[in-house]
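What follows is a structure written as structure tokens; I'll ask about it next.
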Amino acid sequence: MDIDKLIVDLKTGKLSDKDFKSELLKTQVQDLGDVVLDLQREARCGIPEVVFAQSKTVEQILVAAERLLEKYDRLLITRIKDSKAIEVMERLAEKGCTYEKDAEVIYKLPPVKSEKTVLILTAGTSDIAVGREAELTCRMFGLTTRMKVDVGVAGLHRLLGISEELLAADCIIVCAGMEGALPSVVGGLVKVPVIAAPVSCGYGTAFSGLTAMLGMLNSCASGLTVVNIDNGFGAGYAAGRILAGK
Amino acid sequence: MDIDKLIVDLKTGKLSDKDFKSELLKTQVQDLGDVVLDLQREARCGIPEVVFAQSKTVEQILVAAERLLEKYDRLLITRIKDSKAIEVMERLAEKGCTYEKDAEVIYKLPPVKSEKTVLILTAGTSDIAVGREAELTCRMFGLTTRMKVDVGVAGLHRLLGISEELLAADCIIVCAGMEGALPSVVGGLVKVPVIAAPVSCGYGTAFSGLTAMLGMLNSCASGLTVVNIDNGFGAGYAAGRILAGK
Amino acid sequence: MDIDKLIVDLKTGKLSDKDFKSELLKTQVQDLGDVVLDLQREARCGIPEVVFAQSKTVEQILVAAERLLEKYDRLLITRIKDSKAIEVMERLAEKGCTYEKDAEVIYKLPPVKSEKTVLILTAGTSDIAVGREAELTCRMFGLTTRMKVDVGVAGLHRLLGISEELLAADCIIVCAGMEGALPSVVGGLVKVPVIAAPVSCGYGTAFSGLTAMLGMLNSCASGLTVVNIDNGFGAGYAAGRILAGK
Amino acid sequence: MDIDKLIVDLKTGKLSDKDFKSELLKTQVQDLGDVVLDLQREARCGIPEVVFAQSKTVEQILVAAERLLEKYDRLLITRIKDSKAIEVMERLAEKGCTYEKDAEVIYKLPPVKSEKTVLILTAGTSDIAVGREAELTCRMFGLTTRMKVDVGVAGLHRLLGISEELLAADCIIVCAGMEGALPSVVGGLVKVPVIAAPVSCGYGTAFSGLTAMLGMLNSCASGLTVVNIDNGFGAGYAAGRILAGK
Amino acid sequence: MDIDKLIVDLKTGKLSDKDFKSELLKTQVQDLGDVVLDLQREARCGIPEVVFAQSKTVEQILVAAERLLEKYDRLLITRIKDSKAIEVMERLAEKGCTYEKDAEVIYKLPPVKSEKTVLILTAGTSDIAVGREAELTCRMFGLTTRMKVDVGVAGLHRLLGISEELLAADCIIVCAGMEGALPSVVGGLVKVPVIAAPVSCGYGTAFSGLTAMLGMLNSCASGLTVVNIDNGFGAGYAAGRILAGK
Amino acid sequence: MDIDKLIVDLKTGKLSDKDFKSELLKTQVQDLGDVVLDLQREARCGIPEVVFAQSKTVEQILVAAERLLEKYDRLLITRIKDSKAIEVMERLAEKGCTYEKDAEVIYKLPPVKSEKTVLILTAGTSDIAVGREAELTCRMFGLTTRMKVDVGVAGLHRLLGISEELLAADCIIVCAGMEGALPSVVGGLVKVPVIAAPVSCGYGTAFSGLTAMLGMLNSCASGLTVVNIDNGFGAGYAAGRILAGK
Amino acid sequence: MDIDKLIVDLKTGKLSDKDFKSELLKTQVQDLGDVVLDLQREARCGIPEVVFAQSKTVEQILVAAERLLEKYDRLLITRIKDSKAIEVMERLAEKGCTYEKDAEVIYKLPPVKSEKTVLILTAGTSDIAVGREAELTCRMFGLTTRMKVDVGVAGLHRLLGISEELLAADCIIVCAGMEGALPSVVGGLVKVPVIAAPVSCGYGTAFSGLTAMLGMLNSCASGLTVVNIDNGFGAGYAAGRILAGK
Amino acid sequence: MDIDKLIVDLKTGKLSDKDFKSELLKTQVQDLGDVVLDLQREARCGIPEVVFAQSKTVEQILVAAERLLEKYDRLLITRIKDSKAIEVMERLAEKGCTYEKDAEVIYKLPPVKSEKTVLILTAGTSDIAVGREAELTCRMFGLTTRMKVDVGVAGLHRLLGISEELLAADCIIVCAGMEGALPSVVGGLVKVPVIAAPVSCGYGTAFSGLTAMLGMLNSCASGLTVVNIDNGFGAGYAAGRILAGK
């Protein structure tokens, strides 16, 4: 190690105090980098780096994915579409990976290691893909997950019908498009963290999820937090930050 | 009347057929105007012209208001603020008008003449002024009104606690700011017309009611309709169009 | 039934008062659900659930459609495009369904059961698809409909030429893109409810219907209400809420 | 003059051909400036420079105004508000200037010198200030003007009632706020130039005149042109460009 | 004629005064329609109806086009793209029509009948299609046109190099995308009408022409007017309104 | 209690089974309300209702505040400005409440009951008011808080200088205006939950906090969540949801 | 110094290698901080910290200003308005500071130490305040500055009349509001860096400088760069980064 | 030459002084054009005209490219996509041109002639194409370039790990999408010019690079400047303006 060598050189007189400090200055950024890296490596014990495939080539994805599979028992590739996904799966299928077309993810899940439960709700059927991305991200942290779909506020009985699941969850992710009202109702029923994930479904003034997101940011229920539109990964990761290690 | 005179002139030979048609051409626009005016006068039997005070002087408001009070048993002046309102009331108070400061209206109500009931709901206390403008406009049509405030979705029990009122109404106006989710929930519970009135309360990305309005336009409940932000008058007038004469 | 059984158990002493209340608590959400469902079932007497096809697979659409056709004499599938529609029609054509390509709907109409008439107007030929979606939705409620196309304000005589239809309607739906001025003119001519449906035609600053929608929300004619861009279904459903059962 | 001196120096041999061209190069930008200035001076025969007072001090306004009054028989100061206007008028009143508070203009009109007529229409009373700014600007070009207020489309008979004025005008300026529909209707009735001036009245989604402007830009009537919000001066000036010298 | 018959019936006593007025009421809207239609027919002497092909089928376009060609010596079809245009041309080519692919127009020009000249300028090569749509529309009015391309402000010498053309024009249409600065410079050089046509070229914050349009609306040159983005037709039509009949 | 009475009446035969069910139906909404209320009451053990003062009168605020102070050892009033606050403090000061002018809050803090620590960071001095609202809300949950101000990314050493605090926190709230970059950097350094609170400072394209919020929503650090602009209360409440009871 | 003491302790054996590395880890962030700080101190030789007064109290401003005046021969306080400025000047006037009301700055200039010249242009008189903020910021770097006002593109001769100044400058800052076209024309005439500073003057769709900024970002002149609206300070600082030390 | 001939004619008496001035007037615009052209030709010594291929045909591109290659040792064609690029390369490959698919550029580089170094940084891998366009544009000026990719702020150690490169650069271009935070951090570490180039990667509220751009414009680091979204060419050209000739 660099620092070790510098210490030896200092103690053996190869480096004067002044030169030692000068050399130290050059390396400490690197060292700080290592500190940060260590923190991140520790973070990655929960969840190794996730491959964001949107702007990567098949080859770039495979290089990253295969290196990660050598080190870890889990993998998550997000935003990967059909033809790219099929090519990637040709090499990853045999390594235990699964491709989920609608959610545009390839994943290999680790065993569940925490009883802490994330409940993922979707207002409609159009929100399921985002919900699944969130769920699989939670699973990368080893968390327990449950998912309930199509429980939007226009048919309130559907939501009230799952009140037991609502009360049992340690964290709730709510995926909704259109007017994005479901998180407000859920947030008024529970006291655990509620993460709202706006979805780009709908048309016209749905503005590709913007209306849902604005609604969630202005919820009359207190203490909701919001992620970017269609960012199921971010919602799941936020749940992981909240529950991992608990 | 012009037409009457033309007919006389035609029949007495003062006007040739050709001249009659020529004169007719000149007046018929006016006549059409009369037709339109007649239709509107008929409409005004329900509700005479409302004075929109925002860009009028005290004198202009008084001229309009006093002429209307000569003809009708009712009056509504909207968007009239303190100093202007106080000046106007100096002459209108004695004529049975009331000034409601928060709603920025001056009104003289007619007797209720229809059992058709408009239920006005507000999500929070900040929405009451818009709700009142809506209610008073409904009252100008002679409709029965009820108002329930602070029944927003973050405390669902408040809304469910007034389910009888919900089911008894012939038309419901829902005033809400922030995320504007209340109309969606109400729209899923009833089958009568639901008119959503977005309110410019909230801050930041509430965008002065725009977020509420967008939410209402994208409601997952079917068949809601929406009016402009803070347009309680428009919501009440729409209810009048729906229920007046029924 | 659950409640029946609980009552029996309470009266026969199988359940103590306390246990009865406890059991009741567990089921009442479900019960409330039933209440809501009942309300909705009643609502559905007018119009059974409509299938929003945009984000559904052919199989999902068929499952829903065929179940609905078992129970009801009518069906409406909205936002269904060519290839999907053709596949769906392979099984629904024989069941009396029709596919209308431009409006992107599949429908089976019930008999007309109300003389209440909804007049659907379109400003231009580009607005016809939205107008037809509105008309067919009205027909699902059993309402009478009339449709007049291409009566935009730039050629005022076209609108004035149908003044009889305007005055005879019980409710008017106005579909318009570009500047969306037609509802203002219509709203000034009639006193029945006017529902404005903005259409995403035009280019540049038409902003896919947003300009039309903003114009409609700010109409100088009083008491117009507005639905989301291209939401013919919503406009028709709103007319159904207004006229159904009258 | 510079060029005259250069010519003399060239012809007397004081300047070589090369030096003449070099000197010419230095001055010609200035000369071009003169050309442009000449063109503008000619343009200013119709209308001398107008003082835009919004960001000027009283002293700056007076310096400009008094210099202009020395040269010309007319003056227009736009966007000048109360206290500033009162101070300015202390010195300009005696010079034949008039202050019009609502339109925020100070003006001294030249005699009418053209029978070409600009008709200024306003949809409502809130649009009059913008209309007056337009009218006074037209008057600076010596044009004849007529103004008709409160002829908005919600009461169509008002517009049809002035059809003679519509047909007699050489150019029409239409000032409208809210949904800005009036220019579309007017544009469909006449074949002369129609200039649409959006006005920042209304509230909520009127967006301070933006909705009106978008409506005007997307008019279904062909060949309308549009100016900035509240830009009565620009609309009047455009009419001046169209009719001046004709 | 209806009115003639009514007059006869009135004079012969077949109709009472009251019935005459009643019948008159029914027909006058139609009559007014005729008046409006007459005005428009007169307008169409300059330019017959233009076919906006964007949302029309090949068959609809052909029906309109062929009827127009029977009556008029000119035709303009705008916003018609490749496959549609090719099909349409199969029948219109033999009738003297030309298809211009880049401008997405099919046209048959009338002879030039006015020496009034419209100068069409484009800032860059990307603006030529819009410029051509404007030019061809002017030609439909029988106006003389000139077109100068690629004279944007970043190379000022290009614009100054055509100053003679600038000064000779009776009306100038300026097509520009990106920052849309060219109309400001042109507007400061001439006193004839300047119509600014924003173009949807550029990328990023060019916002498909919105930036150019906003720049044009806020020009520091007085009296410019603006049309919708990419609306070459509207700009040409506005020039026609200005110059036709002069 | 209602249900108790119904049970008695059922068992004593006063109510038939059918009537019992009917009565039950009427009350169960209320009962469900109670259930929800219970859940909320439990939630309120952590934090009683907070008074949002923005649209309330002094009297309304005092009624709420004094009722809350009777039941609880803590109070939080948010968004209360000078004159209103001074009036309110006249009665609340003696009850142990403190007014903090910059943060626009009145509060009475409970004892700290959890060692779980929320670290509140602000990028600049302008963000302190929002940060304080967040901190005081956390304190309402009995949480431990630390606050570090002016650690924005333009002087990275300031942030790195508090790395111990960063690593010791159980949850971090980051308040930032302008470009809102601080949460991204913090989110890359820690694995605990990071809540980003955008602040409406800055000018021009800061768009009153919108730019900061958009930046936070698109952070390249994974799993950040975001609240509305200036919503320190929401950020603190979210931290409370995460840490309360742990 | 910490590191010195650690080195001594390492060499004297007070610290083991392991403990030394551990202690080092704790301090190095601080050390890195120092490195960054050093860089900044060096940067500040050119220009010490500038006081952004917008969200600071008079006392906060004075503390910062007086500390800076002890160390440096120059001072710049930006965005300081009347009453605040007057209070601050009560103590700073005697220290050689000047208050410039329109530009909202207080400054004490250093001697000019570089012949590198920044030319500041403003399109109109409304842009002068922003231009002055830019100029004074340049002066803080010891640069030479020139300023030419009111040379906007609508009167091209004004700009061409200062072509010598244009060609002599080492860097040009162009301040413009409305359509922001001036930087495009300037950028096409010179090859030195051109920094465009949009100004929030104008009205309506000027959108408080946004239109000018969008125009500048989409300039057809290559290689312009842009700062935030009204950010004269940023433009001047950018010029300082470009020319300082040259 | 025209001027030469005019001079001869003046001196030989063929032209009177008056006629000479008149003729001069006609030509001087052209002459001014030459002046401007000369300035530009000088500018082009650094970098000849760049071909913006987006809206040009293959033939237009080739005409421009081949003429430029005759005169210059370098060429840059930007925004040229696959099929077009392949066709163009069929003729340009043999002339020493290279096609870089991801950056959508064809280029032929001149030798490096300046040691002034532009450091191009990208926050992520998605920003590389924009970075390369910037780098190649810098190379057209003969500047030295370095590029470091994927040094975004979420992993701060990556940026600190290249601190030597940061301190050695004469100008830094920072390409970043998503929240665009990297320029702020870089701007706080160096005192050379920093040009921020927003990139249209990301999704949802990344708004195709708008969020990144807004963040950069509101950076808390002083003196950053910004170019249009995805405008690597503009960023590189700005660096060329700054460093060329130094």
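To keep things simple, chains are lettered A, B, C, D, E, F, G and H as they appear, and every chain counts its residues starting from 1.
The criterion applied here is as follows: a residue touches a chain if its C-beta (ideal position, glycine included) is under 8 Å from a C-beta of that chain, and two chains touch if they have at least 3 such contacts.
Computed from a prediction, not measured in an experiment: that's the story for all the values here.
Listed by label, the chains touching chain A and chain H alike are F, G. Averaged Cα coordinates give chain E a centre that lies 58 Å from the centre of chain F.
Averaged Cα coordinates give chain D a centre that lies 38 Å from the centre of chain G.
Taking each chain's centre as the average of its CA atoms, chain E and chain G sit 49 Å apart. Shared interface positions of chain B, i.e. residues touching 2 or more other chains, are given as 29, 32, 35-36, 40, 124, 155-156, 160, 188-189, 204-206, 210, 213, 217-218, 222, 228. Chains touching one another form the pairs A-B, A-C, A-F, A-G, A-H, B-C, B-D, B-E, B-F, C-D, C-E, C-F, D-E, D-G, D-H, E-G, E-H, F-G, F-H, G-H. Residues 123-124, 152-156, 178-181, 184-185, 187-189, 202, 204-207, 210-212, 214-222 of chain H touch chain F in their complex. Against chain H, the residues of chain A that register as touching in their complex are 29-30, 32-37, 40, 54-56, 60, 79, 198, 200, 208-210, 213, 228-231. By the touch rule above, chain C contacts chain E in their complex via residues 125-126, 155-158, 160-161, 163-164, 201, 203-206. Of all residues in chain H, only 32, 36, 39-40, 42-43, 46, 50, 160, 167, 188-195, 213, 217-218, 222-228, 233-234, 236-238, 240-242, 244, 246 touch chain G in the complex they form.
Residue ranges of chain E in contact with chain B, taken from their complex: 3-4, 7, 10-11, 17, 20-21, 24-25, 28-29, 31-32, 35.
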